[in-house]
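Each of the next two complexes has chain A plus one more chain, namely chain B in the first and chain C in the second.
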Partner chain A sequence: MAGRVGVRALIVLAYVIIFAPMVTVAIISFFDQEIVSVPPEALTLKWYVNAWAQRDFARGFVTSLQIASIATLIGVPLGTLAALGLARSSFRGKEAVNTFLLAPLAVPAIVAGSALYLYYVMAENVLDMDIKGTLGGLIAANVLLTIPWTVRLVSASLAGLDRSAEEAAANLGARPFTVFRRITLPMMRPGIVAAALFSFVASFENLELNLLLVGPGRVTLPVAMLSYLEFRMDPTLAAVATVQIALIAAMMLITDRFVKLSRVV
Partner chain B sequence: MGTLTLDGLVKRYGPSTAVERVDLEVRQGELVSLLGPSGCGKTTTLRMVAGFIEPTAGRILIGGRDVTRAPAYARDTGMVFQSYALFPHMSVAENVGFGLEMRKVGRAERESRVMEALRLVRLDHLAARLPRELSGGQQQRVALARALVVNPAVFLLDEPLSNLDAKLRAEVRLEIRQLQQRLGLTTLFVTHDQDEALAMSDRLVVLAAGKVQQVGSAEDLYERPANAFVAGFVGRCNVLAGALEGPGRFRLEAGAVLPCGPDETGVPSHAARLVALRPERIAIAAGERGEGLPARITAVTYLGAETEYHADLGGTTLLVIRPTPPHGDPLRRLAVEDRVTLQWDPAAARLIAGEAS
Partner chain C sequence: MPAATLVVPACLLVTALLVGPMVYLGRISLNHYDASSMMTEALTLENYVRAVADPYYRGVMATTLTMALVCTTTTLILGFPVAYWIARMQSSWKSLVTVMTLMPLLVGNVVRVAGWVGLLGNQGFVNAGLQGVGLIDEPIRILYTPFAVALGTVAVVLPYMILTLASVIEAIPRNVEEAAANLGAPPATVFSRVVWPLALPGVAAGCTLVFILCMNTFATAVLLGGSQFKMMAPAVYDQFSKGSNWPFGAALAFILLIATLTLTVLGSVLIARRSRRRVAA
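The block that comes next holds the complex of A and B.
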């Protein structure tokens, strides 16, 4: 009995630790004074208005949206194919390939960002073209973020997939490509949808990797928020963060209606 | 519709042999079981017929056509899987219609054939459901309908009942057999459950370690087992080692001499022989009589309709199974250490070739 109460308390504590910062940020975004103090002098929506007025935030939002969407569209199919290859074939060094594909999650993003920065500079010298600060360069870097998420989530959904369903389809006269299209792919769908969602979020909210790669006039939202923070400390950032949290939460809820995320993640 | 012929079928995985020269002819409309313990090669054989495993050697013919190298999708077999293998994202009707769709059957005809197949398994009222909304027994029947609807030349059943609970199993078993007979389906049925195999099959193939031990009807296998493995695997059996002393006289290793049937083993007279004696063929009488063999009871197990006795016959233990005697019968009070007399028709003690394992 005492053990059950202990477990409950632990679960509640975990939720409090997870939600406390988000709730705090949301509350602060309505405080009237510039330097945060409790209790607030008054409540206001002016920081939302101010955030809307900052052209950097609006542009950053669009840029982030663009980069995250395109990186997801490129990275999820690639990662899915990689996961299929890893799950369905056996070859020497398979484990090494798997670890390699998951590596972007393990390497600190700031290290990966610095490495990419140096690599881009070298590549620019060799190829005599702009890479850093371009949309292409940013998308390529963000694809790197989407691949480990995709490989992990799609691999997990493949591991739980009943292969006899594919055999049954073949037995009923379906050729290999038809089996893949009609049976395997739909059965993988929850994993792929989850992978797309997590890839998008990972890319959209990434700061460290993109920090060194953005260029003038092309700044992602997190980077725009960081540069705002260098000059101002008012709750505008809290307002932007609250909007971001709300957007991502909405995406999760909508996705969950189509695919039960708890089944895949 | 058609026949299925396996001709010297072999499957090796590196140095180990999963299936060793299986020859078998399943006739039109016949249900043949592959029966054996796990790892005997029965599922490997079935999967070779379906085209999921490529044989190392030998040929597979369906309706006379050699399909040994044909891909699974071109074989015209209908398989029911142990796990049912339904398509989780398709409705019951879509599951059943999949094979027809692959055969390019038009929508109208497809729909009517799907409903007909679902009526056959009494699931037409659940056509719009998803598989996960059905019970295990219902899912199994969807899998049956899905395999039947395409009129396969050969119907393949891979332990289709093992995921069902005992009561349902008996029900579905009867249902499958009736469907198979009504539709005249040529069927290969894999199971490790001897009761299931005996109840459903026209003929059985007993497999062990990849080799065919015996092919025959349920009666053949039970009454005339070819070897000690079949005797022990199909039903329960006393398999006793010893030597033939003279016609109808078998001396056990421990010394007792049993009456036995004629020697039909066909092996040289000096070769090893065993006696296979079914426990229910042994008559038991209380006390020591003039005829029969004196023995001593070492265990009595009451099982309701039947009672099992262990009887020590000069150092060899025999299993005896009798209908439980009525109250008042002296046998009813039989207890450990009591003296009894055992007797049987000599022909029931069947000589088989082989050595004690």
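The block that comes next holds the complex of A and C.
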């Protein structure tokens, strides 16, 4: 019995550790006084207004939104094709290709970010054009992030797929492209939707990969938050953080209504 | 057109944006640097030698390794019960609990760090609470300590461990446990002789993933550890952002990468050998 209580306590402790910082940041964002102290003097929504008025956060939000959406639009189709190629063929070194495509998540983001930084500087000298700090340079780095998420999630959805429906359609005279469009693609949809969600958010929230690649006037939201936090933590920053938590939770719950995330991921 | 060609575009992209830069980083790490002439082309291992010999960077590496080991162990101890609980859950809550566990994976580290500062700071929730109930008179220092970094890191990596373990435990047939229990094994024995050995591949996978993430802690280390506390990832970043000693930064980056890979491979091999022996016995 004592063991069972201990196990329950560990479960509760685990979730407290996971959620405590997120709950705290949400509570602080409603505190009236500028210097965070407990208990609050009064509650207010003014920091949300203030957060949007801070040009750095508003701009960062827009920049991150641009980068994450375009990177997702490029990376998810590429990753989906690759997952399809891996699932529908058998060639030597297939396992290696799979591992290779997941590598961008295995290489530490700060190492990959430093490497891309030097690479961009070199390419700038060779090509005589700006790359570092440009939208294109940032998007390229973030596409790299979307590939492993997509390959992993779409592969998982393809693994449990019954091929007899495809064979039936082909036997009934459907052309390969029709089979793909009418049978394969709809069956892959849960994996693709989950991949798009994870790619987008992973890119939007990424700090380390983008840290050295941002430039003046083009800073992503997490980088803007980091430089702010190095000096102070106040309710304005808490408001920015809370908006992100709320958006991510909402996106996940909406996605979950259409595809059961607990089954695809 | 064979289906295998579909992997080509993604492979080209990873080659251009990951392999290329990594090779270039490796090349840079072999260059020579001095303050007057900056970087000059060379083929030398002096940057690696310096990184390994310098007591400061040895300390940074020791901190990073200790932190990663402590956090991985803590995460395993906390994550296993949760994973077991989720894996064996049969009610309709299961998918909600899974999505709730998944959600924090997508929340950025900076967002979470902001929460920890509010919780652990001198005027934060924890100190205010302890003062409120009269346990302490003066705020105690929690923020800007290694403990704060460990706590913040565990919070980041726990969901990875839970989800990895849960998927493996789910595949362990329930009736194996029931059989052991019916034959008179107490719960602790069912765990140590049945569940744990069968879950070992998941433990290996979870610990590997979590260890890699811990070795590369960045935002949590920078913002919760304070100015005296240094881990490898921030040290690498400093070389590129503050200093201009690219060769040394590149060497540090490779040392971090190699140390992480070596230890994860070693760990997996050890666990795999252990699990084979268990199954044989």
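Methods note: the second predicted complex is superposed on the first by the 248 of 265 C-alpha atoms of A that agree within 3 Å, B and C clash if a C-alpha of one lies under 4 Å from a C-alpha of the other, contacts with A are read in each partner's own complex, and residues count from 1 in each chain.
Throughout what follows, contacts are C-beta pairs under 8 Å (C-beta built on N, C-alpha and C of every residue); 3 or more make two chains touch, one makes a residue touch a chain.
None of these values were measured; they are calculated from a predicted model.
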| item | value |
| --- | --- |
| Combined model on chain A where chain B meets chain C, clash or fit | fit |
| First (chain B), second (chain C), both or neither touched by A:Val143 | second |
| Geometry of the superposed three-chain model: angle at chain A (Cα centres of chain B and chain C, steps of 10 degrees) | 90 |
| Greater residue coverage of chain A in the superposed arrangement, chain B or chain C | C |
| Touching partner for A:Leu247 - first (chain B), second (chain C), both, neither | neither |
| Which of chain B and chain C A:Asp162 touches, first, second, both or neither | first |
| Touched partner set for A:Leu73, first chain B, second chain C, both or neither | neither |
| Touched partner set for A:Pro186, first chain B, second chain C, both or neither | first |
| Touching partner for A:Ala174 - first (chain B), second (chain C), both, neither | first |
| Contacts of A:Ala58 with chain B and chain C, given as first, second, both or neither | neither |
| Three-chain overlay, closest Cα atoms of chain B and chain C, distance in Å | 15 |
| Footprint overlap on chain A, where chain B in one structure and chain C in the other make contact | none |
| Residues of chain B defined as touching chain A within the complex | 50-52, 71-75, 77-79, 81-83, 85-89, 98-99, 102-103, 143, 146-147, 150 |
| Chain A partner contacts - residues on chain C that touch it in the complex | 2-11, 13-14, 17-18, 20-22, 24-25, 28, 77-79, 81-82, 85, 94-95, 98-99, 101-104, 106-119, 121, 123-125, 128-129, 151-152, 154-155, 158-159, 162-163, 187-188, 212, 215-216, 218-219, 222-223, 233, 236-237, 240-241, 246, 249-250, 253-254, 256-257, 260 |
| Touching residues (chain side chain A, partner chain C) in the complex | 3-4, 7, 10-11, 13-15, 17-25, 27-28, 35-39, 78-79, 81-82, 84-86, 88-89, 91, 97, 100-101, 103-104, 106-112, 114-119, 122, 140-141, 143-144, 147, 151, 198, 201-202, 204-208, 211-212, 222, 225-226, 229-230, 233, 237-238, 241, 244-245, 248-249, 252-253, 256, 260-263, 265 |
| Chain B-touching residues of chain A, taken from the complex the two chains share | 162, 164-165, 167-176, 178, 182-183, 186-187, 189 |
